[in-house]
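Should a chain be cited, it is by its letter among A, B, C and D, assigned in written order, with residues numbered from 1 in that chain.
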Amino acid sequence: MPRVDLNADLGESFGVYRLGLDAEVLRHVTSANIACGFHAGDPMVMARTVAMAAENGVGIGAHPGYPDLQGFGRRNMELAPEEVKNLVIYQVGALTAFARAAGRPLQHVKAHGALYNMAARDLRLARAIAEGVKAAAPDAILLALAGSAMVRAAEEVGLKVAQEVFADRAYNADGTLVPRSRPDAMIHDPEIAIPRAVRMVTEGKVTAITGEEVPIRADSICVHGDNPEAIAFVARIRRALEEAGVEVVPLAQVVGG
Amino acid sequence: MPRVDLNADLGESFGVYRLGLDAEVLRHVTSANIACGFHAGDPMVMARTVAMAAENGVGIGAHPGYPDLQGFGRRNMELAPEEVKNLVIYQVGALTAFARAAGRPLQHVKAHGALYNMAARDLRLARAIAEGVKAAAPDAILLALAGSAMVRAAEEVGLKVAQEVFADRAYNADGTLVPRSRPDAMIHDPEIAIPRAVRMVTEGKVTAITGEEVPIRADSICVHGDNPEAIAFVARIRRALEEAGVEVVPLAQVVGG
Amino acid sequence: MPRVDLNADLGESFGVYRLGLDAEVLRHVTSANIACGFHAGDPMVMARTVAMAAENGVGIGAHPGYPDLQGFGRRNMELAPEEVKNLVIYQVGALTAFARAAGRPLQHVKAHGALYNMAARDLRLARAIAEGVKAAAPDAILLALAGSAMVRAAEEVGLKVAQEVFADRAYNADGTLVPRSRPDAMIHDPEIAIPRAVRMVTEGKVTAITGEEVPIRADSICVHGDNPEAIAFVARIRRALEEAGVEVVPLAQVVGG
Amino acid sequence: MPRVDLNADLGESFGVYRLGLDAEVLRHVTSANIACGFHAGDPMVMARTVAMAAENGVGIGAHPGYPDLQGFGRRNMELAPEEVKNLVIYQVGALTAFARAAGRPLQHVKAHGALYNMAARDLRLARAIAEGVKAAAPDAILLALAGSAMVRAAEEVGLKVAQEVFADRAYNADGTLVPRSRPDAMIHDPEIAIPRAVRMVTEGKVTAITGEEVPIRADSICVHGDNPEAIAFVARIRRALEEAGVEVVPLAQVVGG
């Protein structure tokens, strides 16, 4: 029986600022990427979010990002690999402590925003992230863009790795994502996005924007919890997966983490 | 044979800014309180400092403070106990990850600056710190001002606790420190300070500013590494302790941590 | 014809985080207290907010706070008066530059949150704020809690000062606000709050929580723009003032700033 | 009689952290680029530095940088031009307020670190900086790398501009700086650097690393105040300039600011 994880970014509030429908999306996803205070999140938000994830039986993951609260970690920054490794250790350690406080293990780590995007293409940066995770949480799974440099870096470093796909993004023939700067980068219609995601899991294939059939490994599907429509989409994709005979389970049960 | 630990604050550099003669003081102390990025320190500094402490066989401790880099954590802030508990979990977790990366356990936690001073008198705040340590690092020792509310809080929460004394500070008859605002708060003469510190360890007594003999428990002596004179003082106090038959060892060997 | 200003806190968003219905409340108020990047706001938000205020003919004010984004400037911090003076200069200067970019003068300064509350009672702190404003923007009006130490400090320093009242807060017989910690601190019913505010302007009196008639000077009424109910309240209070023959105008037209 | 300005970065301390021999270098330079709290500096440091510059008759300049204290503004960040414009307005405004408090005008603005280097080559970024300066301080001089995109942007925007040269850096035949990544980028020998700088001022020429004579405009020479050797170098270069008949004066007297 095929298995897949549904992951979403959570704990992105900060101080008085509220972002994301965390309580709602936690009812549908199986893994949570929880912000660690650099691009979003703070100690209070992390404690609350980890506790909510634990209550919902959702796998707890650290979601480290660049130290850029104002840019929400979405602005490219040029850091030395050693700096990246250490900011990953720092953030993973902080989140692990909240997981421990909630009696849960750290299941996985997923880089955020610009760090994720840059490392998907830059093996040196990807290695720095993988080394940081290996140092801070050697048993955690690195959740990486399917087919990216992050997957290779995790394997080199000896980390468990899981590959993630996007239901709402177009793919190139080489398996990379069509950049968001292009008008056709996003798939907005759920009627298209959902069967497409199901097929990535059940058949291991996705149709590229240029028409080719591209092999892809889908250990986890990235979903969003920003607004009510996003929540409805997550509920639908989960139902569609289950109806297609796919077991939707936390990441550790997909890749044996 | 009496035992005592010598502890110093380390890793207080930040970015390009350098503070403290860490490499020098690490040759003399047995435990290091390492800043965790809130009042001082950053991921690069933490990695370097933990590695240096490990190389010197010095016990590694987290030194959490208020989120106030500009004020170096020395400015009083009114935070809710839940906020304090969570900022302790966060910082202890971050430092623990660097210790793990260096193959070392987290030996202890000591609060910094205003957080330390406020919690020494405020049991509610002290409990918040102790609960944070208990949640993030239940096996760590809480290093607390001798006779303070922090000691009581650690005991209530079920944490190992160690009591620290100051060689260069005057004490009141009730065992509290003479506030620094008073001109006679500091003992500047090493000829007085050093035998005084030795006696606190070997006899468990200190002479109060008003002349009384005050019982005091000295598991650890706090020393400084800011400048060459401070380093020389640390070397001298260590020699004097050893000549008095005191074993100078990491905190975990003093309190069985 | 009596005059009064309606002021609200604006520009409290930060990065991706949105707070407050700024566009809506700007249609009803006459002065805006714009966050300056320490407790809320960032350069992008400040530019946008100043531009919107200018378009609406609303008086532009700086709203400096403690350097505490995580606590939204609501947590008491103990800073030296010199530190407070300089953080006021800094923030007032930053906001003034955006006003200048929009071709507008800086009309006023109002301290935020914990800084406002602490300075209302602490003349030393109030003087530090007044000196900061005097140094950075000598022609600006200091908007201060009616009857507070801030009013006195502004007068001592030679700044124009305006006194503000709260429609939704209970007053003590000595003219101070009933602390929010008390259950009867807030006046939630608009049917009571609105005529009460009108009377403060037209008669210069408010009924204390203990029944006494208290003289009060109301140059400006503080209102909120957090949610649709708050916006509706602002619209109603403005209408009620105008129906009572009060001219609702920017602060500079009330106190001759 | 030829004229030149000597400029140095100042006010780069932060909180308890001290950086730079500001008091010493202020005796020799004629213009100060003062950090504005984003990559270095804080309100206390800014107040102190502006006051010291004023006492020494040194021209006061704002030195805005990326919001990256940990990286000292030296790490490349990808910000939208609008973000750069607004962070320049913010920082220039803050520094201007301290200048005003000291009874001095803002003489100039010079971008710092990565912002300076990126904008030297990127006209879009350079324009954003120039527009920010124009909006916040239309009478200030933009101090820009000689021959760079910043010079062009300043001219486009209608700002006064001054061109700066480096005594200790090698130049390419096209007038650009040899990147620091190359081993021959720096000129360490004062016996070479000083006459070279004098010639840039008196003859408007510099010998490129490839041997060509390159025309260069030297309104200001950038010097450093990090350590005693740097201070000695500044004193020597000033003496050499004066002995060569060059008047060393604040930037405003060079370009008629």
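One rule holds for everything that comes next: a residue touches a chain if its C-beta (ideal position, glycine included) is under 8 Å from a C-beta of that chain, and two chains touch if they have at least 3 such contacts.
Predicted, not measured: the structure shown is a model, and the values here were computed from it.
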Result of counting contacting C-beta pairs for C-D and A-C, higher pair: C-D
Same vs different contact residues, chain B with chain D, by half of numbers used: same
Intercentroid distance (Cα basis), chain C paired with chain A, Å: 43
Chain C-chain D separation of Cα centroids, rounded to whole Å: 39
Sites on chain B at which at least two other chains make contact: 70-71
Category of the chain touch graph - line, ring, star, complete, other: complete
Contact footprint of chain C on chain D as seen in their complex: 37, 43-44, 46-47, 82-83, 86-87, 89-98, 100-101, 135-137
Interface residues, chain D side, partner chain A - complex: 67-68, 70-71, 75-79, 114
Complex contacts: residues of chain D adjacent to chain B: 14-19, 42, 69-72
